[in-house]
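Single-structure report; data block below.
Note that the chains take the letters A, B, C and D in the order they are written out, and that residue 1 is the start of every chain.
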Amino acid sequence: MIHILSNTPSILNVFISEIRDAEIQKDRMRFRFNLERIGEVFAYEISRQMAYVEKEVATQLGFAMVPVLIENPVLAVILRAGLPFHQGFLNYFDRADNAFISAHRKTHKDGSFTINVEYSQVPDLNDKVLIICDAMLASGTSIVNTYRDLLLKGKPKHIHIVSVLASEEGIDYIKKHIPQQNLDIWLGVVDEELTAQSLIVPGLGDAGDLAFGKKDINT
Amino acid sequence: MIHILSNTPSILNVFISEIRDAEIQKDRMRFRFNLERIGEVFAYEISRQMAYVEKEVATQLGFAMVPVLIENPVLAVILRAGLPFHQGFLNYFDRADNAFISAHRKTHKDGSFTINVEYSQVPDLNDKVLIICDAMLASGTSIVNTYRDLLLKGKPKHIHIVSVLASEEGIDYIKKHIPQQNLDIWLGVVDEELTAQSLIVPGLGDAGDLAFGKKDINT
Amino acid sequence: MIHILSNTPSILNVFISEIRDAEIQKDRMRFRFNLERIGEVFAYEISRQMAYVEKEVATQLGFAMVPVLIENPVLAVILRAGLPFHQGFLNYFDRADNAFISAHRKTHKDGSFTINVEYSQVPDLNDKVLIICDAMLASGTSIVNTYRDLLLKGKPKHIHIVSVLASEEGIDYIKKHIPQQNLDIWLGVVDEELTAQSLIVPGLGDAGDLAFGKKDINT
Amino acid sequence: MIHILSNTPSILNVFISEIRDAEIQKDRMRFRFNLERIGEVFAYEISRQMAYVEKEVATQLGFAMVPVLIENPVLAVILRAGLPFHQGFLNYFDRADNAFISAHRKTHKDGSFTINVEYSQVPDLNDKVLIICDAMLASGTSIVNTYRDLLLKGKPKHIHIVSVLASEEGIDYIKKHIPQQNLDIWLGVVDEELTAQSLIVPGLGDAGDLAFGKKDINT
């Protein structure tokens, strides 16, 4: 199921507006903080679909029945743009296990590109609730490749794919390549256009560069 | 209208569980961080009732219509327990104006007490959306006294009263003394019992002491 | 002894530059964050004068002798401008007790003003290390009045007075009214001029308004 | 030059004590927060060696000459344990460019291991001040390999290597393989023993696992 959070008015839309705004983007700290706040809101929304169990805790004055998570999710982050976004999830699921994956876009001389998974540090995923965080869902290839790499480490019982900004083409690509069963897709906002260079328009630019600075073109 | 967020399962309940738990409370930093996270979730929920307007922003690649807040709310905090809770609101409404109020409980020799508003730094509230944050809603007198003090600074167009932990008696007291029009009450969780000393049971203890340490009994 | 941290080059000076800059000040979140970072740097510098004792801790692989604080300081904050500054201290002394004091400037019709301590929540201070945080040291009256109010709650063994921005006149006033024994004064930067309205020039403006928004003139 | 910060008493030692303590480590959030605070203290200490220039800024009330960084450093982080540590640096050098590198330890059947650099996103480093952050300096091979990989992207004018916990053997290894000119090594604390499995004793355990959870052994 696809959930597009910007369809409902909330402060989340303000955070998204700020990361799009070419002027406000110049403050990298605010850009990262916005991604972090957006991650927190997604974490909260996803947490509403999780399973809780009642537990008794001793307060200073008595006993209370309180709901606690049956299990913590595994938070998978796609480097590097996903890092501040992932931090937001980690702020709320502070006891979660984490997976780190790099999905590097290698641009070829003719302008085409491939996505290579180079770095992958992943816990056992069997029977886990897995949340895959990527800042942007452009062509969709990096999330699909990451998804495939992650599933080598086990079969999660439920997967949430989360992205701040998506293209319609990227959503279609995911739907085509990832089975819909036990899957939720959570998006901040969806833009119509995807350029031949896989840039979302009007989009926001390169989220990794905006958060952490440009990398060397020869990297 | 009264909104009790713990009626819906979410990670918010886990944060509330942690601040109740006498063992986990021993870590003051985590206690404050939980109040902060709870404040963020309330801020997000309240933001869904706010008014937004579409604005055009220039991205690096084009123009996008984005929703922005028509106006920022005024965040009023009741000292001192409310401070970490208020910080959560400030994390999300980072451009808001703020009001600081102290509502000090003065205990008399016979065990009874009165609430005095001593400190009050408040912006003009006329026609504003006002959010009053107090960590606990016990007897309700401190919020009602604060409310009255705040209204000396103008007539807000809408008021949200927010509290992490409330007693049923406190809710009744508010309903009796604050007009329900243009009012929303947002609560984390509601406990049944209120002792003669105005302690919520099972509650969590003294939120101010847990966040910042005991104060001198003669203060 | 007086320590002026800006006499040594460090990133602290950049934080101070940013809170002075009328353009950068417009971002309240960054203004508060700068005060918080400045508080952390002061906390670290002051911590170098504290007393530690060696304790054995069990690591996963053996035992290590580690230095721990003999006692946590008490952090006193002067409302409201001091709050983000105090947060920086609390980030580093996360197990400290805290005192909250309001020192309100009441301006009279003739332009003169008095400082009243209205709100005061203070732990037992006997034999404690006390750190008094105020964002600005202008005329010095608010810190001196706060100091006197605090000492009603006991006799600290050592007092640190900390301020981001001070006037020379304010320093003189403190020296005249507070005994120098067991006292350290920690300042970010010192400006020469203090106007008749007790504004530091070039200064930075009203730190409370910059952090939290203007308050009603009739407050 | 080698700087060992724990040689001077300060609150930094308390943060290091906490990340060593097998009991306190169980709170991952606190573990990450301690790494972050440690990163901030290192950032501040390193910033004292940086070059500043006086600039005039317009305050609300006049003009002030303030020192600003001549240039921001490049912050290189070794994944994944280095991430919370790097966050501390980023909190203080919030406008810095960043480099992300993975140095993965591949353990062989005979117990020996090699370090492979798999992921590398690095800006132009020519003539830059480069700060390389790794949580642990055990055998030293991961920092030396990272160093070599980084230098493919240019020749920095000064390099700072920073690590929270080091072994003497690791320090020797760095000294042998990295030219000492224009190099500073910043360490929190140094332990004597390094096991055949390259574990620092008494050390603290696996910083990556403690911050983010265990990864699958087959990863």
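Note that in this section a contact is a pair of C-beta atoms (placed from the backbone, for glycine too) under 8 Å apart; a residue touches a chain by one contact, two chains touch by 3 or more.
Just so it is clear, the model here is predicted, and its values are computed rather than measured.
Participant: Taking contact as defined at the start, I'd like the list of chains shared as neighbours by chain B and chain D.
Facilitator: Common contact partners of chain B and chain D, which must touch each of the two, are A, C.
Participant: If you list every residue number at the chain A and chain D contact, are more than half found on both copies (same) or fewer than half (different)?
Facilitator: Both copies, chain A as well as chain D, present the same residues to each other, with over half of the numbers appearing on both sides.
Participant: Looking only at C-beta pairs that count as contacts, which pair of chains has more of them, A-B or A-C?
Facilitator: Answer to which pair has more contacts is A-B.
Participant: Go ahead and note the Å separation of the Cα centroids belonging to chain A and chain D.
Facilitator: Each chain reduced to its C-alpha mean, chain A and chain D end up 26 Å apart.
Participant: Nearest whole angstrom, what separates the Cα centre of chain A from the Cα centre of chain B?
Facilitator: The mean C-alpha positions of chain A and chain B differ by 30 Å.
Participant: Using mean CA coordinates as chain centres, what's the chain A-chain C distance in Å?
Facilitator: Here chain A and chain C have centroids separated by 40 Å.
Participant: Which chain D residues reach two or more other chains?
Facilitator: 29
Participant: Which bits of chain A are touching chain D when the two form their complex?
Facilitator: So the residues of chain A in touch with chain D come to 28-29, 32, 74, 79-80, 83, 87, 90, 94-100, 102, 104, 118-124, 153-154, 208, 212-216, 218-219.
Participant: Taking the complex as given, what residues does chain B use to touch chain D?
Facilitator: 27, 29-30, 33
Participant: What part of chain A is in contact with chain B in the complex they form?
Facilitator: The touching residues are 6, 8-14, 16-17, 20-23, 25, 37, 40-41, 43-44, 47-48, 50, 52, 55, 57-64, 66-69, 91-93, 191, 199-205.
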